[in-house]
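Below are structures written as structure tokens.
The same chain A turns up in both complexes below, where it pairs with chain B and then with chain C.
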Partner chain A sequence: MATITATAQKASPPGILANRAVRKLLILAAAAAILVPLAHAQWSSGTWPAAFTVDVSEPLGKASDWIIDNRDGHPLFLYFFGHVSNAVVLSVRAVYLALLAVGWAGVTAVGALVAWRVAGVKLALGTAAAFLACGLLGMWVPTMQTLALMVVAVLASVVAGALLGLAAGLSDRMDRVLRPVLDTMQVLPAFAYLLPVVLVFGIGVPAAVLATVVYAAPPMARLTALGLRGADKEVLEAVESLGTTARQRLLTARIPLARRELLLGLNQTIMMALSMAVIASVIGAGGLGDRVYQALASVDVGAALAAGIPIVLLAVVLDRVTGAAGERLVDDAPAAPAQWAYALAAAVAVAVAGRLAGLLEWPEAWEANIAEPVNRAVDWMTAHLYSGVPVVGGTADWAGRFTTWVLDPLRDGLQWLPWWSVLLIVAALAWLIGTWRTALTAVLALAAIGVLGVWKPSLDTLSQVLAAVAVTLVIGFATGIAAARSDRFERWLRPVLDVFQTMPQFVYLIPVVALFGVGRAPAVAAAVVYALPAVVRITAQGLRQVDPAALESARSLGATSGQQLRQVQLPLARPALLLAVNQGVVLVLAVVIIGGLVGGGALGYQVVFGLAQGDLATGLVAGAAIVCLGLMLDRVTQPTGRRTAKGA
Partner chain B sequence: MRLRTTAVVGSLVLLTGCGAADMTQQASPFANARGTKTVTLSVQSWVGAQANVAVAQYLLEHELGYRVDTVQVDEVPAWDALSQGRVDAILEDWGHPEQEQRYVEDKKTIVNGGGLGVTGHIGWFVPTYFAEEHPDVTDWKNLDKYAGLLRTPESGGKGQLMDGSPSYVTNDQALVKNLDLDYKVVFAGSEAAQITQIKQFAKEKKPFLTYWYSPQWLFEKVPMTEVKLPPYEEGCDADPANVDCAYPHTPLQKYLNAGFAKDGGEAAAFLKKFRWTTEDQNEVSLMIAEQKLSPEEAAKKWVDSHESVWKAWLP
Partner chain C sequence: MSTATGTSTPPDTTRSSAPVFSVDGLWKVFGPKAGRVPADPALAALTPAELRSRTGCTAAVRDVSFDVRKGEVFVVMGLSGSGKSTLVRCLTRLIEPTAGTIAIDGEDVRAMDKARLRELRRHRAAMVFQHFGLLPHRTVLDNVAYGLQVQGMGRAERRERAARVVAKVGLEGLEHRRPGQLSGGQRQRVGLARALAADPEVLLFDEPFSALDPLIRREMQEEVVRLHREEGRTMVFITHDLQEALKLGDRIALMRDGRVVQLGTPEEIVGSPADDYVREFVRDVPREQVMTVRTAMRPASSSDETDGGPALRPDATVSEAIEAVARAGSAARVMSDGRCLGVVDAEALLSVVAGTADVAAGSRAAGAMGVPPLERSRERGRVGAAAPAERREPTAPATPSEEPV
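After this line comes the complex of A and B, so read on.
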């Protein structure tokens, strides 16, 4: 039965799609037939016509000057931003001092005991090991700085996100207003938030925390709303029939029923906050990110890695613990308060004992230096792979060929196309895959890029993104299929994916340049490394979730394993594969700015330039163009209702 | 209900609105954790600047009993942070006329802290092994002859002139255009990327042309020879679009936050006196960048062997 539907599905889409698609294309063609000659007659050059651009650099420059001149006198700053900023500094400082006062032994014990209570013995051991590893790498103090910043940022994000989510979950009107905003925020690359925040709050921790909150709150809001809306109608009716008030229903039924989504939201918020806390080192966040960033200056991959590993460990531990807590919360009754009391007492005991024994600061004798061996390994690798490898050629040769044969033609092609034809192609693609609404958004986003006057660099960036997405999808689908078919391979792959997904992108800047030289090729490589884990995961998950009955019947019909894959698994996993494409695009775009740091040029370089020179006009315009590109690509690759979870 | 909302709003206003809060007088939450006197120094991304800060930090901590925090930010944002008092001092500035006008002359929130003793110079460089093979490459007039040799996939049909971090002062695009050279400026986007690429080229003895500056530790590792550009004359770089001359030699300057310069006590007095030579700075830079010593170890080594130099800086 299932096989029949599978094959039927496979056969039917072309027919239906063709009809609808042809109709859509005909309408577009008609519109084009009228508009294009007009446009062509007026502005015949290939690039975006100058008549349609708006020069925003002057007002932006003025705004930036005004802020700098009034920052220490205007009431808006004194009575509002000043207090926000002070509150952030005070709370981060309080958490940081508390962490230092508890000492390394105490922090490790508290971490492990909390993990034990919410997630079990195995994760408790893992947590303790992770904390000790941070100390061992000589990164205890920076780790605590990052942790303090994270605690404040995550709490603020959760509160803000939960409030927005409550509003959207309870009121349909709020939901309609908030949803597109949250959808858009999900697509924004993290760097885009930095510039405006820096301008208002200046370099330092307040700006970093606020940028992190803005970046990390949306998933909490989305998932809260989703949880509240998804509550079982029958349960709610039953509760209502008991004569409860609206508030009682919310507190006793709707929120408890949504706890799985709430915890998933917390998990997502923590992960995003951590990645942002690292990126925010560019604007003076301090902590681990700053160490990574400083190591870059002396081209010291080993030192960067030593600071990057604690970030990975923190991320993996926080992810697993909140994930396990979510599952437990749903399965079992909550743990008895008595056990919590024991855990608390034990933690206090360890902290006090640590204090008395003088175990506050991590002893220097216990630090291991991994920088040197890592540097030697990286040197060896780059020296032997860079060029002159027999038969296949070195990585530098590949990069050269990739630039000449893929990136150059793609960029030149896109820039050669008349501007209206680019709009038309995007409209057609978006409409074929989505609705007229998504098509309209995509076209408007692309037009906005032209209006901002960054048409050419944007197409350059677009060509890099397209090439990176193509490479990511080829490798990602292949790896994902392999992981779905072999349990052993997947078990081995999981930690590797974890590391690549959470490792700060700054760490692999140098190896990427050492292998591929300076230019657009290393930028593409960095993007592929960053986007690959999510694509592999979603693909493998999608393939594994294919109905076993369908597979079974295919097998009983004598299908070979290759046939099963091609004719049953892949078609049935189509939604997951499309989601993988969408996520791949969004993630690749998020690394465009990192690409600017290794010679990618175009929009990424302009944002970096804007941040480095405090040039709001260049940076913000390029940032806005990246956002528009993101919106356009997201809409073009978004088939149905969007799923939750960025980076799954 | 109404009453309660009023109460909430009222208490919020009380909590946040009753006093003015000056963001500009705010320290880092990580500063001062052990209750000692603190100085915050800005470290720029290049190693020479790290060397200044490492030595100043070592002496401030071990000789004067301060705690030193460092913040790594790019040059222009660092001026902004200095003006706001987030940072107390910048030890190496390569000349930012616009910022000087705004903060030193107009707002008077920053004061000049004297010279660093090091003279900085920006220029175009080719590796010495290449210059020895083709001695005439060191004159800009002959550069076009070598464009073919200096081509990379990234520069397309032209020769490649590699530029580095976007935060550095550069006129290269205008120079290439105004001198009508057959070159394309390729931005490496960060100094880390640029150095990595230079080292890779040097390993293979490949020719390259790059924007570079001295003092810089990489010269010891990859010897480079400067390409002569049309000589610098006062004012020839006034209009960024029409620059057609070499970069000037700049005596590097120190800048202090005005409040810190006045009330900074021994630390401010020490930082004003801090002055060393290019050789000294390079010695420390090399220890950090090539021997991979931590900045603190490198500073300790230098301090132990140059007592006569730094004794003079102490207040």
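After this line comes the complex of A and C, so read on.
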């Protein structure tokens, strides 16, 4: 009866909660009072009743076996998936060979020149330095593999996303159909996409590229549709008043007016593609991600770092160059074609010169082996910092204590709770924050997890998510408030957040393994570090955007700065804070799942296990549970638009 | 500056050509099953609030009829929500009317197919928007040339024509700026130039200067007056600003809740408001600057009066007459073509200022004397050739509204 007492407590102080909230809780409590005794009498055990479980692993296993058996014979595979797969392999290979043929000098020169033309001298130097650093670390070939995969995946994502976005931007019906799908895809962890693709294509490059496309296309589609729909109505009317045809309107007005969103979409697609291309190493994408994956599997932090640094450099360079290109294109006149021709000629000249000088492969003498010194440092850390540091204790001690005192009780508590009470809590929370629709979706998603028969591991994952979200929010809100109150702190913090926000999820696993070893605590730590920048940024922005007049009036009434914060800033920034919670939950879930690779266990581990053992059924069920969990967590924390408007 | 272009009013002042726009019984109703409202007299008679509660519909334009004559500036004035912006959009079917007829040069606009409608928008009626509606990614020159590009004109030709229009609206030297780099007044000049570039028969203005500062607004109003004087182009001008309406309009249609409550010259609107709403509206207008001596004069009572005293044109404003009468110390004669039409004395002029003059009586008196009435000329000093023919029509009724309320 845990929920009922909890709801009763919440409802008792009158006037504190809005009337509506109390009403919602009372309705839920009434429903629970009728249903719970029934449920309790029928299935008294705490976990999800077996009667409600549908065993899907057998049919899934059969389906997977059938696909494996028929992959070379069935017309569907021969004439459709086969062609897709071949096209992907061929194009990735072609780009890869082209990159190798241009040579490292050529690639660096072309990259720097493109960056120079679209983003300026500073970023050109940065690009060149990043490419050279990849070579120095001995990662030239894996970098090119990742880049080749990225080029193909980004092109496909942009084309697919732009077409979908065009459809959603021009047709209201398409928009109604696509929007919820894209919104949901946006909140799902990357891991959920891996298994369905593997089921069809098997492990390998085609699966990796397609998973990347599926993951990276939604932002392009969303932003294209947003840009097309958000165009200034009066401009469109003016254009119509000049007697344009629909085609002319689209080409000369709507698409150019949406160029800011289109470029933002391109930027986001590239970043998502990089993030996924690295994670897809789990399903056969070679390159940098694979090096990290292999190194993590043998807890070789040095090797992981050598592959991780190029990933970070690639991410930062791609983000800055596309971002700067976007701003330039929006503000200035497009560069004259002649200048592009010069830049291209110069790049070709450098590539040819490099070829003639024999600078194709990165010379081995120039490679710096950082793996060994890093591993020595990690060994020293293991010896000196893991435990027994006076007063503060060691990192492994912290991880152990966090596991024992926070994660274990939370997990055991959740698993001990009767299943119906978990549903009730979720329903109450979702309904209080959002509408009955979001509550219904959340409850159904949670129930689906029970039906799939992965109740326990899902609650294990949930406990890690909750712990990580709690830590993230405490640190994030505190840092966000500090950043909002001190300009100097914010100036110092901004570049740090910029870099952290561009890094792919996978990379965060490397330092936490170095610090905390493997287990659930490092997975949680990685999730916290990954989600923090977004939470800090949204909080600080929300607080800073509070109406200055309201703040000034509070100050004129003699409020202390603490009173201003508590009574004006925080209440007025409520929508931003709710958004921060929502983002925090979604981001934390993504990394907690990936934490399965470093001993996080639960659903993430089942996916990895399924992939490693070829037991796709287990993996698919876990993947579906991840989808449901993501849906549930997003819906529970999703404030309604109306509330947001009211709070603002 | 340029002389009259092809569309300027031909010099034959006696022509009685068809109106440029002829609007009859126009309705625009927003909401579910909008078509039934104009069709059903019971629904059509409801007040806006009743209509809304009964049908869920909002009638933005209710049974509006008027003609826009060639070469005139036709102002539609009303407060926000009176339906004036909807009305002007209905003229080129940017908003599809619910009922009624619209004709341009006698051609039914509502019956046009898509291609014909595009042709209308491309060549015959161009619009200037309140928030300019410029394309932010194009330069000033390319914005002005956009309408020509849409028509399929070649790059060199359209740029050359656009450059001429840019010069005409006083934007030389800014051709290669983006709209984002211009001030509000400059942006609206670009909007005006874009509309002019297609050399349309009619210019439609939708509150073009409302978003501008007062000083810039006056400057732009004078720009419009200048353009009209030079080219004599027909203009339909939407505004919520009474001063602007009086300054620019040859005739003003005053709208309220979707209906035209009064249609007439500025002088008629100010001098004889059709109802209390209009009276309240024009209460603070400096009457002596709008009313002309024609409305204030009385027939000469003796040959003394017709022979002596200062002479005034019939379209001189009352404030000019006050100055003349004060300087001479006697009544002034209103002279036209060497004939004395009547006399204004201090008493008559003061009663105009005080708002007690019987304007209709004055008009009637003038009309009875067989003189072309209301030959007005305001500060713009209209050139004789462009004087529209409608001035020849007698406007006898006391309330010159075409929309009895």
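Here, the second predicted complex is superposed on the first by the 544 of 648 C-alpha atoms of A that agree within 3 Å, B and C clash if a C-alpha of one lies under 4 Å from a C-alpha of the other, contacts with A are read in each partner's own complex, and residues count from 1 in each chain.
Everything below uses one rule, namely that a contact is a pair of C-beta atoms (placed from the backbone, for glycine too) under 8 Å apart; a residue touches a chain by one contact, two chains touch by 3 or more.
No experiment lies behind these values; they were computed from the predicted model shown.
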| item | value |
| --- | --- |
| Superposed partners chain B and chain C on chain A - clash or fit | fit |
| Partner chain in contact with A:Gly517 - chain B first, chain C second, else both or neither | first |
| Touching partner for A:Thr252 - first (chain B), second (chain C), both, neither | second |
| Touching partner for A:Ala238 - first (chain B), second (chain C), both, neither | second |
| Partner chain(s) touched by A:Phe201 [first = chain B, second = chain C, both, neither] | first |
| Per-residue touch tally on chain A - higher for chain B or for chain C | B |
| Smallest separation in angstrom, by C-alpha atoms, between chain B and chain C in the superposition | 18 |
| Touch list for chain B against partner chain A, complex | 16-17, 20-24, 26-30, 33, 43, 45-47, 50, 71-78, 80-81, 84, 86-87, 102, 152-154, 156, 162, 165-167, 186-197, 199-200, 203-204, 288-289, 292 |
| Interface residues, chain A side, partner chain C - complex | 232, 234-235, 237-245, 248, 252-253, 256-257, 259, 333 |
| Touching residues on chain A, where the partner in the complex is chain B | 68, 71-72, 75, 77-83, 85-87, 89-90, 92-93, 96-97, 100, 145, 148, 198, 201-206, 281-284, 286-287, 290, 293-294, 296-300, 302-303, 371-372, 375, 382-383, 386-387, 396, 399-401, 403-404, 408, 509-510, 513-514, 517-522, 595-601, 604-605, 608-609, 611-615 |
| Touch list for chain C against partner chain A, complex | 89, 92, 94, 117-123, 126-127, 129-139, 146-147, 149-151, 191, 194, 198, 204 |
